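I have placed the structure first, in the form of structure tokens, so that the comments after it can refer back to it.
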């Protein structure tokens, strides 16, 4: 159920990547109900900005009742978020998102995450959920960034049995090249692959097109501007192949790749 | 000379009066040039408010190059100011104010300050200046407030040879009643009295009218809303007895009582 | 302190338990927020524009944020009147809260068609004629001309006995003749303002930010403009006014009531706080008791110079 | 990186070393800020409205702050044309910076009288006809009607060979016919927008905040409105446009240039930062070099959908 709450900050941890933070919030119901691909809408209560800003849920631990988001500083809202300290309360609405990631149920399915930038957090949440529900599940996490410094969010996944393939445009870490370089060979293995992708639109589009071409099912999480996040403003239009416009927030944010009109 | 600067905060000290602070700034030229009655225009750089807010200069020490203001928290600007810490830079313009307090030059003049609320700081600055220039000068400081808790700014003056007469509406400290109760007897001593007043308009008006009636010269510092503080917006109009409107910022803030149309 | 103040108001024939509704297009059809908001606590629910045929709306980007405001160019995306009656109305009718349906149109007959369907199907308790949407005809619309305004209102007046609310545009030289025209043509009430037409440019990309180029400005930025239009309209007509434009809290709402609005609508604020409208209704009640007013009607239009 | 870009622009016959001037009434007569600002770094100084006779202006309160904006109702307080020529002009003439004098008037003859005096006395390098001040006739002014606009502009055209700039009002249904009327009547340039009419109410006191009741809205809140008016006017006329309305920084200014303005004016921003105009001129230069433009004229009106 969607709730509006003042969630106390538990921890606000700067990451090695410049301007990146993991913000942990005390929000028991949300931690219990949140599903991978969902997000929260945040307002920096200084009112320097009118509208809320959406942030994907990075971790949700029903046991501790703690949820977290991973963000990087762009403007006023993320700037204010970066200055929040434990105990301070953050004004949030969530969990938001109607259609979320659906784990492939096929036996022996190979779950392939393809993330970039702030598209990584929801995919980390997803892969951990899948691993928790199906310890034997085969998962590969492809994380792309311009350069090594901006490869964030996937620390520890390897040890949890989720191998991470890093790709950097400048070759400073892992594969030298785009995420598609790491994805292509997997698409052609003939395994029952399911691709889940989130990140910059050009990246998602490339991943979607490659997957469709290879006949591999692909789910994309569209990150359009979301003024309300709850389905009442119609401002988050996502063009779909039926010639219509869907709402990114409540009809999405996750769409089957073949439904998206890029 | 008027300067726009980012002045480092030296100290930000909460006072006993709830929500009141003394904010000390490093601003050498201003500390050297500031005259009693002048003010600075402050902007809280969060941009929650568009316009600057004026604050009277409370202390200005040429030796240390430190200026201070005494303020109480009302809204966004003063709220942000109350949270400023040493080292942070405050965006200010000053010193502002064209016509300022003029110390009575008559031999044996009795300088009578009548202040209330945020009208007290500039009068404290003035009385200390007069005392510094003329150690033998006779000065009386009448400080009025609703109740004891809000009598601020005059600590230490007694020891500096500036006797303070406190007046509270509820009698919780000093004289039980308005500042005029303390002022009236002084006006009728026959001494060469000069009244300097700053505070809420109703108080200043009463003080001005009593002084004029007693034939005692009186200077009032008008604290109208001041959008720019530098004479370019014409928004700080003060109605004058010649039927015109003067600028509170550059034609004032200090006016001879008989020039003001209340 | 007086006893609990009376918050009820009548807008034409529409009885509201409190003077706070929502701006059309800023609250969906109510169902989207029913988790968060008790719809019965609203004076009325004003639903998204409903047209004779389904409309897919404008391509993205449809909304951009501006200083203390936002521009929108949704393009009246909606499923059409039949879809509303079949899919949206049943849910709303589960609540004991009056429904105001916002009706745009391409010509008087088009308006009247939807008005008649709504009336016949019992799909609304009042109808708000959206003759002022700046996003369909580039900001030049019925409500920018007294004659065209009268034409649409008169035609719809013949089409329904339901309370008719004419929603006026701020994008006019003088709103008074238009308000008068709507009243004389038979409107039971006026609602204003719709959004202020504007645009936004991305200096880096050297492009317009909205696919539609122009959009409607809403939010706190336009409150001073809205307050004056409401004041002027209230000085001009005898029918009640629903005031809106930048209302974020109870104080804002009270300013509109003082300016002459009998009720208010909360729009953009819903995006930031879906509970805004009911919190505002409570806040108005508090203001009335604190200031010793027995009824909200006692403060309507009482602002003095 | 290209060599230092050319910032100069011509507004009618007026040569400006950079495209940034100030909004009339937001920079006094220059002398007030000469301590802080090097007037020679401005493209031009636009001075406060100067009328045939001295005006004492409106009683306080004259200005209130609003969300990302402010309302003003100064009432054109000024010493009159003779006072300007005797007391203000000599100081300004010490600088090598063109002077634009803003001229309001009560009727065409009144406008022409001041225009002739200015011309005869060499008191201006260009004249901005303020046919759009919302604070003298309650927002209904010459610039709300094409015929009245043409009348004033034509009369003043006969009165001076100096560049004539017609300052237009945003408080109109459609600015295009008015822009065209000004051009056809002989204006060398247009400047827009003047302030947007609005009001503010104090809910606690239940009074209007401005003694004048109505005021003119300025600042970031109105930028989206101003950008659209400038874009529409630029699509309509061939004469250059000075764009203004909520410009706080170089990016804002560039948006106006892209929309079709050949120069910009910085108004309310001066109150917050008197150095805004010159910092903006520098910022525009930086943008041009970073994006490889040789001249500011290369980006005027180049916004694309």
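A, B, C and D label the chains in the order they appear, each numbered from 1.
Simple rule for what comes next: a residue touches a chain if its C-beta (ideal position, glycine included) is under 8 Å from a C-beta of that chain, and two chains touch if they have at least 3 such contacts.
Given the structure is predicted, the values throughout are model-derived calculations rather than measurements.
The set of chains touching subunit C and also touching subunit D is empty.
Farthest from subunit B in terms of Cα centroid separation is A. Chain centres here are Cα means. That of subunit A falls 36 Å from that of subunit C. Distance from the subunit A centre to the subunit D centre is 48 Å, each centre being the mean of its Cα atoms.
In this assembly, the C-alpha centroid of subunit A lies 56 Å from the C-alpha centroid of subunit B. For subunit D, residues touching at least two other chains, in rising order: 68-69, 219-220. Residue positions of subunit A touching 2 or more other chains: there are none.
Interface of subunit D with subunit C (complex): residues 66-69, 71, 140, 144, 171-174, 196-201, 203, 206-208, 211, 213-215, 217, 219-225, 227-228, 231, 246, 251, 254-255, 258-259, 287, 299, 302-305. Of all residues in subunit C, only 25-28, 32-33, 35-36, 48, 56-65, 68-70, 72, 74, 77, 219-220, 268, 270-275 touch subunit A in the complex they form.
Against subunit C, the residues of subunit A that register as touching in their complex are 1-4, 43, 49-52, 93, 224-225, 227-228, 230-239, 243-245, 250.
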